[in-house]
Structures are given as C-alpha cells and as structure tokens.
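Scrolling down, you'll hit the structures one after another.
Here come two complexes built around subunit A, the first alongside subunit B, the second alongside subunit C.
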Partner chain A sequence: MSTTQPAVAPKAVPVPSSVADRSRKAKKALTSPWASTLAVVIAVIWTVPTFGLLVTSFRPELDIRRSGWWTVFGDAFAGEGVFSLRNYESALFDSSTNLIDYFVNSFVITLPAVFIPISVALLAAYAFAWIDFKGRDFLFVAVFALQIVPIQITLIPLLSAYVDTGINGTFWPIWLSHSMFALPLAIFLLHNFMKDIPASLVEAARVDGAGHVKIFFQVMLPLLTPAIAAFGIFQFLWVWNDLLVALVMGGTNTFPLTVRVAEMAGSRGGDWHVLSAGAFISMIVPLIVFLALQRYFVRGLLAGSVKG
Partner chain B sequence: MDWLLNAGDDPAHKFLLMIIAIVLFVAVMALILFVVDKPRNPSKWFIAGGFVGPALLLLAAGLLYPAIGTIVNSFQRRNSSEFVGFDNYARAFSDPAFLLVLGNTALWVLVAPALATFIGLVYAVVVDHSRFEKFAKALVFLPMAISMVGASIIWRFVYEYKPDQPGIEQTGLLNQLIVWLGGSPVQFLLERPGNTFLLMVVLIWIQTGFSMTLLSASIRAIPTDIVEAARLDGLSGFGMFWRITIPSIRPALVVVLTTIAMTTLKVFDIVRTMTAGRYGTSVVANEFYEQSFRQNNAGLGAALAVLLFIIVIPVIIYNVRQMRLAEEVR
Partner chain C sequence: MTIRMASRRRAAALAATGASLALILTACADTGDGGDGGGGDGGGEAASFEIDCAPYEEFGDLEGTSVSVYTTIVEPESVTQTASYEPFEECTGVTVEYEASREMEAQLPVRVQAGNPPDIAILPQPGLLNTLVTQYDAVLPAPEQVEANVDEFWSEDWKEYGTVDGTFYAAPLGSNVKSYVWYSPSMFEEAGYEVPETWDDMMALTEEIAASGAIPWCAGVESGDATGWPGTDWIEDVVLRTAGPEVYDQWYTHEIPFNDPQIVDAFDTAGEILKNPDYVNGGLGGVDSIATAPWTDAGFPILEGSCWMHRAANFYQTQWPEGTEVAPDGDVYAFYLPSQSTDERPTLVAGEFIGAFTDRPEVQAFQTYLSSSDWANAKAAATPAGGWVSANNGLDPELLATEFDRLSAEILADPATVARFDASDLMPSEVGTGSFWAGITEWFASDASSQEVTDDIENSWPTN
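Moving on to the complex of A and B:
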C-alpha cells in the first residue's frame, strides 16, 4: 500500500528502432535455447496461477474439493468435465456473499474518486505551469515533497476528524480521502505534461485576449487528453484495488469488493468455489479497463510514476 | 441532511449520491473559476489562488494536518491522554514480537524489489525483439491490473494444502508438484520463515511487469552506436549484457528498485489476505493496522506509521539524487 511515489523514470522515452535495426536484432534474440527456456518458464509462472483459479471458478463445488483443477483436461477428454456459472451466481447473489452489493459499492466509490482528484490536480498543475505567481516554486516543491507521506500516517487523525463531523461510515470520507491522497502525484505528473505544451500556443491565445480560465479549457484540456487518460488509469486501478482506505474509512454499507473478498479469504478460506468466483468478479473491471487502455498506462509509467 | 450523507444499503440511493457528489463538486469548481475570471484586471495571486487553492486546501487537510497529528500521537499513551516520550518507539524496538515484524519488513525490502527487478530485467532482455514480444510482455504485465487482494487469493490457491491421507488428492498446484516428485505435502503458509518468502512471491509477481516495462524502454534507448562499437570490439551475448546494457540502464535500474522498495515497505493487502499477519508473517504496515484499528493502541500504531515514514525518506532522497544524475548525464 502506498500513496504515491515520486519515481521519475529517467526521461528515457523509447526511440522506435528502425525496421532494419529490428530485423537484425531479431536474429540474435531468442537464438540461445537457454534464453528461450527462461522466457517460457517465466511466462508460465506468470500465467498458470491465474489460469488455475479461473478454471476452478467454473467447476462444481464438490469437484473443487476432491481434485485439482488440472484434472479437468483429462475429464474433458473423457467427456466428464462439468463447467457452469453456478459459482458466479452464488457469489454474486447468495445472501451469504452478495457480492453484487459490493460491486455497486466499488463502482460508486471509484467514479468520484477518479474524477475529483484529476479535476483539482489539473487546475493546480495549470497554475504551477503557466501562472507566474510569487512563491510558485516553493509551493510546487512542497507539493512534490508531500508524495513521500505514507497514507498510513494520515489515517487515524483523518478518521477522527470524520467521526467528529459525523460523516464516517458513508461514502463521503472515502471519496475525500482518495481525492486528497491522489493529489501530490497527480499534480506532479500533470504538471510535467503541461510544461511540454509549447508556450507559443498559450501566448497566441493570450494575445487573442483569452484569460487563464479560457486558456485552460480551450487550449490545455484538449491537448492533455492522453495525459489525463494515463493518470486516470493509475487512479482507477488504485481506487478500485484499494483495500486499506476502504477498510479503515468505510462501513458495512460502503465496503467495496476488495474488502469483502479479503474478508471472505479469512472467514471462508476453504470455500474455493465462492472465493475463486469472487476473486474474478473483483478483477474483471480493472482487467478490461487495463487491456483497453494499456497504451496510455505504459505512457504514464514511462512519464514517471507508478502507484503500488 | 442524513439523506445526503447516508445511502444505507439501497443501490439506487448510492448511485444518486454518487451523481450528487460529482455535480456538487463541478458546481463548486465552476463557481470558483467564475469568480476568478470575473475581474477585468485581477492580480496574479487572485487567479493563482483560484486554480491552486482547492488542491492546497485538500492537501493541507488530508496530508499535512493528519501527518503532524500522527507524529504527536506517537508520543502519547494508547488513548492519547498523556505524553509518554519515546515509550511507543522503545516498545517497537524491544518487544520480541515487534522485532520479528521489523525483521520481516527488512527481509521484504531486501528481497522482493531485488528479485522483481532482476526477473523483469532478464525477461525484458530475453523476449526483446522476439516474435512473440508483445504477447510475452502482456502476460507478465497483466498482474499489474490485479488487486493485491486478488493476487493473494490466486497464490493462496497455489499453496493450498490437503492432509496427506490415502484417497485425498492435493488441490494446490505446488503441493501436487511435490507429491508428483515423491515428497509429502507441506502447509506452506504456516511454516516459518518460508511463509514470508511465499508471501513475497505475490508482490514480485505483481511488480515484475513494472520493472520489465521500464527497463525494456531504457534498454531500447541505449544509443545504437554504442552497441555497434561494442560489437566491433567483439562483445556479444552475456559480455554485451554485463558491460554495455547494465551500465547504460543503471539510472533506470535504481529508479525501479527504489520504487518497488517503497511499495514493498507499505505492503499491507497481501499479508492481510494471506495470513492476516499470523504465523510470524506480519510486517510494519500490517502491524500498524492491527494496533491502530484492532487493538485500539493508537499510540503504538502512530509510532509504527511514523517509523514507516522515516524509513521511506532515505530511499526517496537516494531516488531523487539518481534522477538528478540521470538528467545531468543526458
């Protein structure tokens, strides 16, 4: 669990190698049998565990208890393999698990917790990049430095502040907390992107009589879409996959999937039929988003940040 | 008022609240920008305040103020009633249970980042420019999208143990492999100190995609003339890797290592989901949660959080230094 990390990759943006270069290198790559074996071993270790649980999530409860998931291939060959969506059905809708409710919570938590910090950070990043006010550099360094504050250190005082105001146990403290924790990294990252926009564009708009608000909306925002997408994915993955903040700040009616699934792993650790299905229910949305927007995610990583 | 705060367990109400929160936020921001944009010749401060103000306010309330509060708390008794000096810290450094926690955390930070970086580097080099490069990278990359909770469940299933009796088959892959090789199954998560390493596997499994991506990009950025010159000098294969690749990507290696180290320091979800800190697997971040929210020992919890903060600082300073160096070189 970490809030933010000022991990700025050296500005080593990959230079696409030329086609000729590529084919020349391709000859030497993977030529050694050792290298190929190594690659395959790593790839297998990185895939098989997920695959095993995925197969398990479609098997009947009794089969899961009796035999390993790898036996399904033999069974399927003999025409005995049974697959069904029964586990997903019971994980989602049975009153003892009821993951559908937690799915709703995950969604309700995530949308504002991504939208709000990005908007606030965009405005701040604009000011740090393009408004020349006194104390700007000092403030920017201060915001940058705040990245090192681990969220653990903020939790207890924040929680008691929420209790004092009477909003604890609702969605509000979760939205607020995620928004606040995201800001240092968001401001830093978006500032870097904004700095790269040519000053001539801003100057031209200013000559045309545009104020800062107009420049922000009409010049900056359209050009920043990739940067927003890049940070948006970070923040989305971070909020959707978060356990600590939701656990500490939330209540029974606001717990997201991660909290419920982690809790099930403790209390029903042997019920692999619901656990396996539950794990995949909690993973499906981030996986889809991730695969669809991978390009932006990689760009964000290379531009200098990751949240763990 | 309560309607606006609490949605109870009604999904429709929850969605409505979510929309209200967003609309409310947009309205407030719009108002601020409108006010800022109004005057003909506003001072720079006025405009800047409108743009930076909300962020600074949130940061002060959400990070600065609570961080100071926690530091103060860490010198107080469990219910914050009176100051006890360094007692909480003394306990964290003397109680054998906490020494184990500190030792585990040190082990995590020493082993997990190094392995994740190393495997990511090796994999990046090996699959680079191969025919399946894109696919191969996606396989290792994908766990980054999976929550630590989900990843922990995936791996707990690999470590699953069934008693070693006739007629009972192992359902965990690792134990089945052991049985196939003629051994007898092991209760992996219960046995110290191996269980800590098995927990680390989950983090390494998640973080390798990160190191692979960053290192792969910086390998590609190595100027071709350097590689060419080295090749003319007769370097190839391992020699090339050791003498040219590694020195060229050193800054990126440091960034990857320190970034993963910081994530590792604060690892909580994995320990929570796998063992809940039992069987001698607890780490500082988990113990912080345990003391603060389970044992109601706010003072000790605060001390642990501050400890986490203090350990992070040198790592970050080193990281920033390396970044500077890397930029000067360019």
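Moving on to the complex of A and C:
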C-alpha cells in the first residue's frame, strides 16, 4: 500500500519505469505467436457450439431433425434454400401468452434483484472495511462462509417462510432470494475493493470533518464505480439466466423468460427444434448488457479480487 | 489507444443491438404466412359444449371462487385442456387458474413440503401419487361424488391405479394407448403387405421385408433426462404378450424378481427385432443408434421410405411433422401391436390422475367435473386436431376428432382388450424412472445381454 512506502524514496524515479517495464514484459509474453494461436484456438472451440446453435435456429424443422447444422454449408453451395425464420416465429408468437409479458417479468425481476444486493453489500462492505468494531473479522469470515451454502438446500425452508409471511405469489420472494444468494460474494468483492483504497484518503476526509456518511458517498462511491458496475453485470447475467429460483419461488404471474424457454419444447419434448431460437431471443438482452459494459466487467473484477 | 478501443467496442455493441433488433423485426414481419404451431396439436378453438349444470349445484354458490391446477401439460396441448374447463366455469362461475410446467413432477413435492400446494394437480403417473400419499401425506381422499363418477365411468382397473393402500385418491383423466405400430399404408399397399394379425405374422412380415433388402423397423429411446423410457414400453408390451398379464402384475409388484427367466425371455423376444442388425434401425443407423435417436423423430424414416414399422404410443400422432396425414389411407397410420392369438388383446396403457390437496367446495366440484363423462366429451369437442383419448366409458367416440383417436377409444372399450398400466410408472421410482431406463439404454448402446441388464435392474430394486 502506498502509505507504507518510505517517504524518502526519490519521487517519480523507479515507480513509473518499473510499471512500464512490467507492462512491456507482459505485453511481450502475451503477444508471442504461441499465446496468440492458443487464444484463437480456445476462442474458436468456445464459440463453435454457440455458432452451431445460431445456425440451427435458422434451419427448418425437418432439416434440424435430419442432419447436423454443419451440413448447411454444403447445401448452401449446392444452391438449396436452407434458412427460415419459422423457428423464431414459433418461439415469439405460438404461445397464448405474449412473449413480451415474459420479457417484462424478466426485467421486473432482474432490476431489483441487482439493485438490492448491491446497495446492502456496499453498506456492509464499508462497515467491514472502515469501521472498527468488535468481532469484525469473525463476522466477515462468517458472512463469506455463507457462500459455500448451496442454494438448493435453502429452497424448501425459504419457500415455507415466504408462504408463512404471506408474500408468496408476488415478486418479493424472487427478489429477496436472489439478494440473499448474491450478498456473500458481493460483500466480499466490494470489501476487498474498498480495502485497497488508500487509508490516507479516508483519513484526510476525516480530518476535514467528514463523517462516515459523507466519506461513503463522496470518497468511496466515485472510486467504486468500476467494482459496482462489474458486480452489477455479474448479478444481472446471473439473475436474467436463472431458472431455478424463478421456478421454485415464482408463480404464473411472475415467470420470466427462462421459464417460458424451458416450456417451449412442449409437454413431451417434441418441439425441441424451437429451443435454439428461444435461446437466442432470451440471449439478446444479456448480450447487449455485456457488450456495452464489458470493459467495467474485466477491470472491476480484477480490481476487487486480485490484490496487486 | 484506449479511446479508440473503447469506441470500437461501443460500435460492436451497437452493431449487436442493431442486429438483434433487425432479427426481431424480420421475425415480426414474417408472421403473415405462418399458419399455426409446430406440434400439430395446437390451435384448439374453444368449441362451446353444453353440459348439465345440476351435479354442481349441491356444492353451493361457487360464483367468484377460483381453483388452481398444476400440471405437466404445457402449450400447445394446454390450450385444449383449458378450453375443456370452460363449460364448468360457465356453470358455476368458478375461475380455473391453470399452471403448467415440464418440471412439475420435481416442483410439486417442493411446494407440498413448503406448505404451498396447488388445489389440484394432474399427476402424470400413479408412482407420483404414491409418493405424495406415503411420504408427504398430502393428497386428500376423493370426495364421494368423484368416487361415484369413477365407479360409473371407469373400469375397476383404472380406479385401482388411483388407489393407495385401499383408499381411493385420484380419478383418472386422459388415457394413452401404447401398443401401436406405426406404418405407411401406401408403402404396405404398393409392396402388397398385409397388416399382421398375430405376433408370428408380424415376425414373418419382418423377415419378408428384410429379405427384400430393406430394414423393417426403426426405434429411438433418447428423451433427455428420461432417456430409455420408449424402450421400457417395448419390453412391457412384449412381457404382456410372451408371459401374460398375470406375470406382468407379479413383475411390477416384485412378487417375481426382475430377472425372472420369463422376463429375460421377453427381453430376448424384443431383442429378436431390436437387436438384429438386419431388422433395425431403418434410416437411422445400427442397433446402437436406437440409444441415441430421439424418440420424437425415430419414426420419421417411415415418411422417407427407409423404415417400415415403428412401435410408439397413440400420442406419437402429434409428433409427425406438420402436414403429415394420419389416416388409414394417409401418409401414416398405426395398427395394434399383435399378440400371440387374436382372441386376447393385451394392451399397454397409461394416463393422468387428478389429485386434490384442498377440500373447498369449489375444488370438489371441479374434481367431480373432471371425473365425469361431461368433461371427457367437452375435452374431445375442444380438441379439433386430435391426439387425445380417454378410457372414460361415457366418452362419445363420435366427438373424437380423428379416425385414429376413435381407433384408440375402440381398443380401450373393447372387451377383448386386457389393459395393463405402464409398469415403469408403477414400479418404485429407483427402478421405474431410474435403473430400468438406464438398463434399456445400456442394452442398446453397449450391447449388454438381457441377463446382465435384468440382473442389474433387479439389484437396484429397493429392499424395503
């Protein structure tokens, strides 16, 4: 940490050059042809199934059932018409409930389920990082230890608690459950990030007469933006793609898109050819969110978890 | 540098957004010429069907109440299911809240344990009823009106499937007939083949087709996490034919072990077809391809002429691709899987049952409606595309939509029919939805012998 550096160290001489040195070394190591080849190979291997899914989603039902998606290239050269939007049509319009309702539910579930844990975790992380109280370390370890509780074993006790309190059937069980499941990791990440903020900053603010509230809002929050964004994306993707919690805690009025996609194959699984299209429709929003915010994602995660 | 990178990324994000928007728009624009759903079972126009409201008057004034139903029947079949409730809703003013999930069998016990059960659940197999009664003590015994209906409209056997330890809980709802062989009438006619009347005829026909150089049978047992079940149906059908219904009853109740010589013999008899590379797997590959071919598509080679016969249940009717004509003179049709003689017709059946978790008057009234012949007829009238049948003897076959459904109803009503419920649905779940499925898959995939497979399944039978 910066405060531990001896004040006598000559200013501005070794630090930038060593940083530049290191980054040059890292750049050299990462841009070697082997590393590049490996990266490309991994990227291709990871992308091929998704690409196959995309191709499949545009193929007619019988083609999907009869042959693999890779055969389209041969067929396309032979000049046969092999693509259709029929699967997207089925996925979007063949349900008696409009798909828009499920989209809306997905948003209604996701936004509070991201907002609530981040707000609570920020306050908790600040307390764990900058307020000295008895049993702080023990409590912090205890909170993070909750991360190892598998959410599956909490489902039935939680659901019966919701039924007892009478909030079952609303969105509250889903929001609360997602918040609970997210909090341990959120507190841990944000705590680590806050700890990395130089103590001198906080002390300076305190000398100037700022209390905890002022320090939190005016010193911490602006510095925390990347970490908050990173965890926000993380939680957004998790909640948006969640099926288990939505299915167990939810009801007909609260089902999100994932539940509808899971039903698309039909009672006996006969309509599975629609699934690829359904998957891509439900992927659109997370894809946009991820692409738009991905630089925060990488920067923030590194900042919070790895101490330099 | 960073700025340029960032703006390039933003451009990529924008491009992705634009692409996906374009996708939605084109999909929207394309709906005009679409036609109806993919399954072939959809598009249920709610045909208004008149019923007698008198039986529900004794439950008092139910106006404004509601009943929740939880089921595995999702779209498109759910459309005709909910349409069949409308006459009851009109009579009583009750609103039926319908919730369907493919995960219902796993979710229902969770909801029951959390104290949040639905009013009524449509249970797809008696095994689940058994679990709910014996482990959670959750299902309520059927009210007397329901029992009276079942005594009137259903056979003793069907009532027995809804009974646990002597108490009658669940009235049967729909029924499936599983002992069918799908074939192409035109292919048979061109080749001069007759629909076989006995098992020996069928084997002779199989031999004849194979001698002509074609592959007579196709099969597939892949079904996601339930892979293997279509194969268990095959075996059950053969057990009914080679060992007889009495042995069948002893088999699923475990009075005889799973690896009893008669059962091994049935495996071998089925294996004469299913494990003979000359007889399977038309249009799909070798014997091992049975394990990996999706059951939903395994009969499709018949349409291409590369397979002649495919054993599958009546609900396979709705699996055929859009535009396939199911009729005695159409693209495909099915004949009864023959037995040794024509006098006795052992038939494998399955069905759903109605379990109730609450006993409010409106719930009991709805239960009564579902167990009546009025519901069966309303459901038949509400299912114009067909693919549904019931063993309810008050069902008017004329209301059934397709000739094939009437054939199924005829088989269910035929006195020569000896109906037996799908054994894997009646066995303990460790076997019925576990080792039996896995064993069958092994039997095909790694060519395990009948003895090995039955030994393994016997060892997995729960001890108490």
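In the analysis below, the second predicted complex is superposed on the first by the 190 of 308 C-alpha atoms of A that agree within 3 Å, B and C clash if a C-alpha of one lies under 4 Å from a C-alpha of the other, contacts with A are read in each partner's own complex, and residues count from 1 in each chain.
The working rule: a contact is a pair of C-beta atoms (placed from the backbone, for glycine too) under 8 Å apart; a residue touches a chain by one contact, two chains touch by 3 or more.
Just so it is clear, the model here is predicted, and its values are computed rather than measured.
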{"item": "Which of subunit B and subunit C A:T258 touches, first, second, both or neither", "value": "first"}
{"item": "Contacts of A:G266 with subunit B and subunit C, given as first, second, both or neither", "value": "both"}
{"item": "Subunit B versus subunit C as contact partner of A:F77, first or second or both or neither", "value": "neither"}
{"item": "Which superposed partner A:Y126 touches (first subunit B, second subunit C, both, neither)", "value": "first"}
{"item": "When both partners are placed on the shared chain, which of subunit B and subunit C touches more of subunit A", "value": "B"}
{"item": "Which of subunit B and subunit C A:I156 touches, first, second, both or neither", "value": "both"}
{"item": "Partner chain(s) touched by A:R65 [first = subunit B, second = subunit C, both, neither]", "value": "both"}
{"item": "Contacts of A:F138 with subunit B and subunit C, given as first, second, both or neither", "value": "neither"}
{"item": "Touching partner for A:S95 - first (subunit B), second (subunit C), both, neither", "value": "second"}
{"item": "Intersection of the subunit A residues that touch subunit B with those that touch subunit C", "value": "65-66, 155-156, 247-248, 262, 265-266, 269, 272, 280, 287, 291, 294"}
{"item": "Residues of subunit A touching subunit C in the complex", "value": "61-62, 65-66, 85-86, 88-90, 92-96, 155-156, 159-160, 162-164, 168, 247-248, 251-252, 259, 262-263, 265-274, 280-281, 284, 287-288, 291-292, 294-295"}
{"item": "Parts of subunit C lying in touch with subunit A, wherever the complex brings them together", "value": "6, 9-10, 12-13, 16-17, 20, 23-24, 26-28, 30-31, 34, 36-39, 42, 72-79, 97-103, 107, 110-111, 113-116, 223-224, 294, 296-297, 300, 315, 318-319, 321-322"}
